[in-house]
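Chain nomenclature is as follows: A, B, C and D, assigned in order of appearance, with residue numbering initiated at 1 for each chain independently.
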Amino acid sequence: MAGEVLYWQALNRALDAELAADDAVFVLGEDVGLYGGSYRVTEGLYARYGEWRLRDTPISEGGFTGLGVGAALVGMRPVVEIMTINFALLALDAIINMAAKIPFMSGGQFPMPLVVRMPGGVAKQLAAQHSQRLEQTLMNVPGLRIAVPATPQDAWWQLRQAIRSDEPIILLEHELLYFSKGPLDETAEAPPMHRASCRRAGPDLTIVAYSRMVDLSLRAAARLAEQGIEAEVIDLRSLRPVDWDTCAESLKRTHRLLVVEEDSRFAGAGAEIVAGLTERCFFDLDAAPERVAGRELPIAFNASLEAASIPRPSDIVAAGKKLCAR
Amino acid sequence: MAGEVLYWQALNRALDAELAADDAVFVLGEDVGLYGGSYRVTEGLYARYGEWRLRDTPISEGGFTGLGVGAALVGMRPVVEIMTINFALLALDAIINMAAKIPFMSGGQFPMPLVVRMPGGVAKQLAAQHSQRLEQTLMNVPGLRIAVPATPQDAWWQLRQAIRSDEPIILLEHELLYFSKGPLDETAEAPPMHRASCRRAGPDLTIVAYSRMVDLSLRAAARLAEQGIEAEVIDLRSLRPVDWDTCAESLKRTHRLLVVEEDSRFAGAGAEIVAGLTERCFFDLDAAPERVAGRELPIAFNASLEAASIPRPSDIVAAGKKLCAR
Amino acid sequence: MESRTLRALLHDMLLARAFEERAAEEYTRGNIAGFLHLYPGEEAVAVGVLHAAEPSDYIVSTYREHVHALVRGIPPGVLMAELFGRKDGCSGGLGGSMHLFDRERRFMGGYAIVGETFPVAAGIGYAVAMRQLPEAVICFFGDGAVNQGTFHEALNMTALWQLPVLFVCENNRYQIGTEIHRHSAVAEVYKRACGYRIPAHRVDGMDVLAVHEATQAALAEIRGGNGPQFLEFETYRFRGHSMADPGLYRSKVEVQSFEQEDPITVAIAETVPAYPSQEQIAAAGPDSIARLSEHLNDAGHLSTDQLEAMKAEIGRIVEQAVEFAANSPEPTMADAVAALECNRGTEVLI
Amino acid sequence: MESRTLRALLHDMLLARAFEERAAEEYTRGNIAGFLHLYPGEEAVAVGVLHAAEPSDYIVSTYREHVHALVRGIPPGVLMAELFGRKDGCSGGLGGSMHLFDRERRFMGGYAIVGETFPVAAGIGYAVAMRQLPEAVICFFGDGAVNQGTFHEALNMTALWQLPVLFVCENNRYQIGTEIHRHSAVAEVYKRACGYRIPAHRVDGMDVLAVHEATQAALAEIRGGNGPQFLEFETYRFRGHSMADPGLYRSKVEVQSFEQEDPITVAIAETVPAYPSQEQIAAAGPDSIARLSEHLNDAGHLSTDQLEAMKAEIGRIVEQAVEFAANSPEPTMADAVAALECNRGTEVLI
């Protein structure tokens, strides 16, 4: 039943399934149609569904994201692709001031079945303006949901859940995950969208991560294990809401918290994870929580500096050891 | 020497002083000229300095903030007024992807003497789209500085420091503070821009706040004192960088941390304050840190709901008591 | 034009004026707070445009939208309740004056961030075009809004994809305190549409009949499948930008000269042939009053008595609206949470 | 036009082509990574425009800006070092291919978010206008960029305040894979400027002399204090959008037909009268070679030998550039921090 697919293929199949299931679904964004998407996510769909369902847009991020909001108001289920999250700064008014607020400020008259997908994160030498991470900006917005699939299976599940939901949902994909492979079982039942997943069990330390940092954390955990430290690795899967229970339950056992995020540390997503868990689990903790995070720098073009600006498995290993030494 | 002035007047005098001192300084924004600014901050300056120095702009937030960036590249010292922070969502690309990154990505060739002033926060029934708070979005941007003056004196100091600095600096003003009064000594020497200020001393509890929440915290502290709890109140004054030392030093004495912010709690500015201080002061803390923050809701138009959506002094008192009871 | 239609236009303009003036009073009394942007002077636009629309059309508006909502048929009491922030308001008291919504009447919201109306209208238009329905989207905005990037982006997309959107510029010549020549390189707003090949016309926005006619023609084009249309209506607001604005940036002469073109005076002249102003009556003296009343008798449409009756009835409507608002309860925090979660379905999300 | 000028134009076009083709090779070798947007096919625009500019003018460009930087005078080695991410690059290896900066040459940056160039150029223009200097700002952008809101906002402001900005649209008819008729309601880009009363012209961007002439005329207007100007150059890129793009969305016929208009071939024909192509020489056979060489002898400007010498010299320049880049050290983390803090003065901030 479960074959191996690439992450982008899982997204592609999810779109295909939903486009086929409901003709209120349409996809819009730059080069999502004829070109098939800059990361191939919409490959083949233009031919199958035509230009009204796979709409190539001009370079007008604010405009076409707002267009998605308008279409959602009348019952369409738009899936907006912002080519990369770097351009989402131009669309934040549509996302924050419109999509997230209309259901509320209309007194509950207008649901908002809008999905905004965007790849982000630090990829390979894309330089300062193309290595953006905005999770903390979006996390602070009541009315939004944020999913951060780290595997093809989650990409498939969460994109389909997002399209079927009447809430405005942001899907943060990672540019370096598109060509990663993993099993996909299309018939398996999806867990709740916001449910965190324990990717590795261990009694000594809880590592909380999301998106691409999950894989790095697992690699670090394997190395820590060689040194006698068994870390639990939790993949958050959702950044709003956060599944506090799964994390807290783990901390009850490990007493040590390490949060790993690619975002720069100060006021990044990890700040809320640390604060929220400290508030909840203060007396379970045997040591101060730690964050391994990006540096307080824009991302340099130079490859070595780029690599040194975001967490590497060795950084996670070092932090884990330090934390367990306390 | 020190007279009492309104907060907007302090800003007005600061602008006047800097416009007079350096003809590279100019102010731009909607209705900053002829109209004198929607909160009177630029009153009288148009007549004094003319239209090139006080530039009324079209409604083009992205465009005119970017124009400020361009002017700063060639040595001007633009002071952009975004009429309210709610419209800053349209200007974030200019602030985050341009102003904050150009000094870095030009390899240090171009300083960025840009100031962006904006009033924000929850005022009086301005409803969901006009009650925005974006501090956490801006806090996560390496290369920016954020000042949050809570008094006329700080408004005067920090705006002048911002204009004289070659770094891109955001001044977050609060709509409800414009008509608050306080002493202003124009000749007093300014403390470092990022230095936090202890507004009230007390051994039992450290309350960390900023902007309008400082005043609420002081009111709460007075009520707590009646109940035998002496709280220390720290006004952060700067959100990037945060003056950790002043806060940590206080926690060493009080062992209890309460963070008060108007922003909605989840991933708000307070998350970093809690996380950063927990990491630094874990073993000084006798209880889990607490946040008193805005609710996870857009701001309702209805006055009672609006008031109940953000911290009130009574909420701070309750949290302080709970925290000290542990 | 039929008598009935003419009377309906006049009625709605008078109601609009009375509603807004009463809202101003209620603001002064403290029953309404926040930003309050009023419409007096511009009534001919909302009334002329919306009387040309079908119930199946969609309306998208700004923060200066009470009258659009009123003319679209939201009951005055429900509207006033929203301005009061009460539960029976059209947005449950959560949206307020700047965020009026009514799903049933396809009133798709008042938006308070200048420029948001454009992409919202384009999106609704996209849905209509995709489903090939005979509906149109009417998008209201001011002269100041046309300098926002979203204006440009939405005009391009609607023209490119031939979406059924009618762009309605209420050009009152001011962006708060900034006069149009100080905010736009081209003060003839309709000329902006040429860069997108969207048919555009400039029309006297103080003349309700001209507004109505131009709108009918534009909507007919749209329903014919010819893509977007653009209308610029030249109008004027008699009051400040909002209740907080003393309007010091406009000369008295300017304001007065526009007041002489008050669309309601103009509409009354149209509807009540030879209806004399109080000044005319006074100036003419008793003899000519007799003469003038003859004109009223040949009238076509409405006698002075009927007009007075209409005004009286409107007075009652507005009074009742205020009463309804004042008696409506406040929304609770549970209402607020329910509104936010209105879209939380049964899907496996949480 | 003078021989010397003609030769200089040809030289820079050939250098540009050689530099970019070499960059492509170095990318394939792994010496350059990230997005790499190349310019072949469009050389006539950068060369024609920038040869008309003064050193005191400012240049603002996009991510497809290597050739703008090169023609502006950034040494090829320094440029190549930036593409390699090295310390001696014009942005210290921190900016990369899409973010070239050179304060001394008033090269005000390559911007990678489409639409950023417009307000940056407007801001520099504002400073120039305020100081009443005889300088101009040249703002490059593509056909796809004109649908971004900032385009509209900046055009309005520059026209409103009469700022000295020359808008240069490199219309290569594609926004990555989306052809202009599928992204713009009006495919004649220069017509967009009419909505702001900005003088605008469309020019053959494959003809370096036409580009040069149009630019001179536009800059003269700007220096005359007449506000912004707009030029649309019709051009074509021979390669994919970036090195990652196979360009499957364009037909072979289309690409070939544009290759026949290669601005470099065209420029060579102009500079070296009757200079035969290799095919012509082959086709003509030995006899006609003799005949053709007569043409070369009457030449005006450049003999075939001289052309070959020029090409050889360019080959050496590019070779040296690569060598310089390869030998340049990597920037350190301390360099990165210093760059970020370049603006940390002595003020009392921290």
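The criterion applied here is as follows: contacts are C-beta pairs under 8 Å (C-beta built on N, C-alpha and C of every residue); 3 or more make two chains touch, one makes a residue touch a chain.
No experiment lies behind these values; they were computed from the predicted model shown.
Visitor: Counting C-beta pairs in contact, which comes out ahead: B-D or B-C?
Guide: Counting C-beta pairs in contact for B-C and B-D gives the edge to B-D.
Visitor: On a CA-centroid basis, which chain has its centre farthest from subunit D's?
Guide: Relative to subunit D, the chain whose C-alpha centre sits farthest away is C.
Visitor: Averaging over Cα atoms per chain, report the distance between subunit A and subunit B in Å.
Guide: 30
Visitor: What is the distance in Å between the mean C-alpha positions of subunit A and subunit D?
Guide: Those two chain centres are 37 Å apart.
Visitor: When the centre of a chain is set as the mean of its C-alpha atoms, what distance in Å lies between subunit B and subunit D?
Guide: Going by mean C-alpha positions, subunit B sits 42 Å from subunit D.
Visitor: Where in subunit D do residues touch at least two different other chains?
Guide: 91, 93-96, 99, 111, 113, 147-150, 152-153, 156, 160, 182-184, 331, 336, 340
Visitor: Two-or-more-chain contact residues of subunit B, please, as numbers and ranges.
Guide: Residue numbers touching two or more other chains: 57-58, 60, 62-63, 86, 89-90, 93, 97, 104-105, 127-129, 142-143, 241, 297-298, 300-301.
Visitor: Considering the complex alone, what residue numbers of subunit C touch subunit B?
Guide: Residue list for subunit C touching subunit B: 33-35, 82, 85-86, 91, 93-99, 111-115, 144-145, 147-149, 175-178, 182-184, 249, 330-333, 336-337, 340.
Visitor: Applying the document's contact rule, which stretches of subunit A touch subunit B when the two form their complex?
Guide: By the definition above, subunit A touches subunit B via 62, 86, 89-90, 92-93, 96-97, 100-101, 104-105, 127-129, 132, 136-137, 139-140, 142-143, 240-241, 263-264, 266-272, 274-276, 278-280, 282-283, 285, 287-291, 295-298, 300-301.
Visitor: Which positions of subunit D touch subunit B when the two form their complex?
Guide: Counting only subunit D, the residues touching subunit B are 58, 60, 89-96, 99, 101-103, 108-109, 111, 113, 116, 118-130, 149-150, 152-154, 156-157, 160-161, 331, 336, 338-340, 342-345, 347-350.
Visitor: Would you pull the subunit B residues touching subunit C in the complex into a rising list?
Guide: 30-31, 34-35, 38, 56-63, 86-87, 89-90, 124-130, 297-298, 300-305, 308
Visitor: Show which residues of subunit D lie in contact with subunit C when the two form their complex.
Guide: Counting only subunit D, the residues touching subunit C are 147-153, 155-156, 159-160, 182-186, 191-198.
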